[in-house]
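What follows are several structures.
There are two complexes below, and they share subunit A, which is joined by subunit B in the first and by subunit C in the second.
What follows is the complex of A and B.
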């Protein structure tokens, strides 16, 4: 038999000053935990969000990212006309040979500089990536020195408004439009015509080639053939798999988050413990009375655990509420795959909030374990005689 | 009913160890308390009267001898069985009332009943009856701090009798009360013994309080005098 919940709730609030301090402490821990994890979730989501399952990405064997890969024009010619690749209305293969270039640009409203990824896309580049849409201005004209930048990137980098121009490799490039990639990795890119990009940046090679497969069976056949062809030191993989694996950037954030949360939660456990010890001390006679009335040691133990848990859960709810306004807030970091500015959003998924609450409950129960044991072990007579 | 003894004590001893010293709180006491009796237990501080009360009520354990309450050797019950036994058979009244500050008068009185498995409706009936008996039915929603000392003690008496125990023990229940409230509280205990046949054991060092009882015994240095 346990004591009524109202008893615990009122006891949590009756010493409200101590309670408030502990609740605030736990709230802070949970807020930090949830926010850091939501960064990692947002980053991973932007990677996982990217790509089309019908597409295959071709990079040089041994390179883990497009930006460090090279595909020669000779190689492209060898596989471009394989029958597994889908064709457009004019019977041209749906393939986009892209050039990736890193550019250093000043940040908006600051002296600091950021690396930005420019993608020179081939003719079919846009058709192969339907999740990328123009949201303002117009698309670049092939052969012109024009770029379309991610709207989110434009919010972070100077001179990326439509109508602005900036210098790259000694040439003026004009911003003619803004694109949006539905929370994908393309939200961190600047797009321009592929051939123009190779000319300006003086590139012999392509970085990667993206091709659309006719169907599932063709995809498997294509990948087998590419692997088997000794003339082609290339690696093909599904576009979704390629981006799904690009989650390295989230790893240090997760580790940092885990470390921060652990360190802070130790503090919070002690805060909860302190509050609960004070509560046990202040209620020694009450505990003695309950025991005399017939309540068992176990009930006393459980009731202090419940109170500690309640206390911390309150902090957990508050922490989640503190973190909530940042949901969907766009931020950036340096990608550890491409070493360029990566834009992504805080994603406070419901499971993450639930995890935060569970985490707070754990802190509360851990913190109140020793005080609850002390309460349960109090000798009845001594407890009754305490003032 | 009055012919079956409520409490039978034989050669009861309690020795505390304080450092290297043995302190004798009770020295081979033998005593019988009949059902329906209102026994006043008197004696100076440290005479062992509270210790004796605690042993009879199953809160403390003796170091020797027997203590049977309603034929049950309470000294042999284990911790959990003793807790259940107290809940069902003993009502406690303390000097400083010992009400739970965050609970209302009603909830305080209900506390022992929560352990009984009675449903809410039955509990409500019993709590209301107990509060009526002590004249505080209109104060049931008040918190202890909103009550006077006398009212608090009456709530505590209601809590002691709500489970309808055969035995009510009161440890200096008037120690913190003014004379009028003390008189009221003792009057309630007296009527419980007279009208409901409860056995009441009252520890006091006030002769006026002891006068409410049907019998008074004196303890001094752990022995009956």
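What follows is the complex of A and C.
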């Protein structure tokens, strides 16, 4: 014989004053957990969104990030015309030799500063990255000292509106357009012409080279050949693999999230336990009555577990609702790979919300286990006699 | 029975509840201290003795762009300048490590004692460091961690610089704020990279503290409109600039801190409420016996205060003990290094505990003050 569900639901609400604090506590815990994890998810998603499986990136052997790599012009000449690289209509290889420069810029509306990543793209740079699209203004004209900045970055950095100019290496650069990269790492970049960037920032070398492969087989052949060529101290890797590995920035956020979840859930378990003990204490006579009516110990135990679970789940739902408005909200921090400002979003994936709810349920059940055991073990007569 | 024992007995009457209440306060305060310490570590640069008179010169474009070595002669001729050394981050990987947790900097060895006066190194080790081009000075913490001995050879793979290095331990320093770096000869780096003649930053020591602002302005002026314009600033300003790079993470941690405090107040207040409501009848009896509202309030306050402070003792004390005995650097893969629980943070946590003790007693106290004796005696719950 089991108790009807309405009994549990009503019990949760009848002592609403004591319940409210616990529900709110669980809600906040779940909200914090979900939000911090959603940051890590957003960061990793922006890395994962970036690569194109048909592209191969070439960097210096030993460098850990594109921005700290160097590829000389001689090296580029050596591999640029290999047959595995796809060609465009004019039969030019689809290769983009990029220059990455870090620029210190003030943040929008504050004294604080940020490092901004400038990418000088080669001729085929845009064709190789079709996810990058212009959303306002126009593309830069090489030689005119023009740049196109990410719209999301523009929201965070001073003087990045279209029509603004800013000073870099003694030259005035004009912002002529905004780009958007569909939530990829390019949403944290400023683009300009590659050779112009090399001139302005006095860079002898390219940072990296991105090439489009003819097909899957040629990609494997190209990587083998690059590895085997002793003249080239370079490393080739698929663009997807490169960006897939750029997840270091998410590590501290994950640590923070895990730590917060653990510590806060312990607190929440205590709170739930307190509420449930109080509930058991207040309903001692009721429990005795139920037992006399023939309900078994097991039923009482389950009843309190269900009640605790419901209570916490309510908090979990509330917490998810609290966190939900921040979904898609764009934020930024320094990337631990490139040391430049990286823009990403809170991403409240459905599985993350489900995890939050499961987490709250766990807190509720863990918190009500001991009180429920106590309720189930109450001696019937003594319980009936209690006031 | 004295008032003290009465309060104590009341607080411990429901031992389980008292325990849970203390523990939840303790956990929250532990969390609070941890977050504050983490926030401090990423927002407030540590101050050290030598920093006051150091000026850091970087490329105006950003730290990522190098400076020409020829600037040194110009810097040294400026009137307020006492000493100049290149200070270049090598950023290599040590042996086969995936991520090396200590920094390696290429410097002018002869100028290092002037620029880094707080570093304590035995004179014979300084001499050995000066003499050998491949020599390096290792921070004590790193030396202990890896069990380095004088004379050990340390291989590094360049991640930023396209050259690998092999350094020989000539000395071990301690006494700086972060004894976790390796210093080596800039000449060796320059040679290994093929005479690029470029440096990461310049570290400049001013002749006196009064001249700092003047020297900063002089340096900025000296390279204005040259091919490599610089940005000179005091070490402190430099650190603040680095910290502003963290962006919104600081706001995030700060808001989490406030959520934690809020949750803490909520949970403890509800526990106090529960405790008081449970003995409404009893309090009504006390009222009927002639106890004043003020006295009843004092009972409740004392109990709530006691629970909050006991929680603080466990939570704050626990945090202090934990972080001063556990290597956080290893636990967080080197993201947090010192993780020092400062007296200021301890004070803040205690303040919150006190506020909590007072805050949590208000609602029940008001309820008790308002209740009429008859009503209270009738309460069953």
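One rule holds in what follows: the second predicted complex is superposed on the first by the 387 of 387 C-alpha atoms of A that agree within 3 Å, B and C clash if a C-alpha of one lies under 4 Å from a C-alpha of the other, contacts with A are read in each partner's own complex, and residues count from 1 in each chain.
The working rule: a residue touches a chain if its C-beta (ideal position, glycine included) is under 8 Å from a C-beta of that chain, and two chains touch if they have at least 3 such contacts.
All of these numbers come straight from a predicted model, not from anything done at the bench.
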>> Looking at A:175, would you say it contacts subunit B, subunit C, both, or neither? Reply first, second, both or neither.
In response: neither
> Which partner, subunit B or subunit C, is in contact with more residues of subunit A?
Replying inline: C
>> For A:263 in the superposed arrangement: first (subunit B), second (subunit C), both or neither?
In response: second
> Is A:10 contacted by the first partner subunit B, the second partner subunit C, both or neither?
Replying inline: first
> A:366 contacts which: subunit B (first), subunit C (second), both, neither?
Replying inline: neither
> In the superposed arrangement, which partner chain does A:18 touch: subunit B (first), subunit C (second), both, or neither?
Replying inline: second
> Thinking of the overlay built on chain A, is A:28 touched by subunit B (first), by subunit C (second), by both, or by neither?
Replying inline: second
> Contact residues on subunit C for subunit A in the complex?
Replying inline: 16-17, 20-21, 23-24, 27-28, 30-31, 34, 38, 60-65, 91, 157-160, 162, 164, 225, 227-229, 231, 241, 244-249, 252-253, 256, 259-260, 262-264, 266-267, 269-271, 273-274, 278, 332-333, 335, 380-381
>> Help me check something: in the complex, which residues belonging to subunit B touch subunit A?
In response: 54, 57, 59-60, 79-80, 83-84, 86-88, 92, 94, 96, 98, 100-103, 107, 111-112, 114-115, 159
> Within the complex, which stretch of subunit A touches subunit C?
Replying inline: 17-18, 20-22, 24-25, 28-29, 31-32, 36, 39, 60, 62-65, 67-68, 70, 101-104, 107, 110-115, 156, 168-170, 201-202, 233, 251-253, 255-256, 259-260, 263-264, 266-267, 270-271, 273-275, 277-278, 281-282, 331-334, 339, 341, 387
> Can you name the residues of subunit A that touch subunit B in the complex?
Replying inline: 1, 3-4, 6-7, 10-11, 14, 285-286, 288-297, 380-381, 384
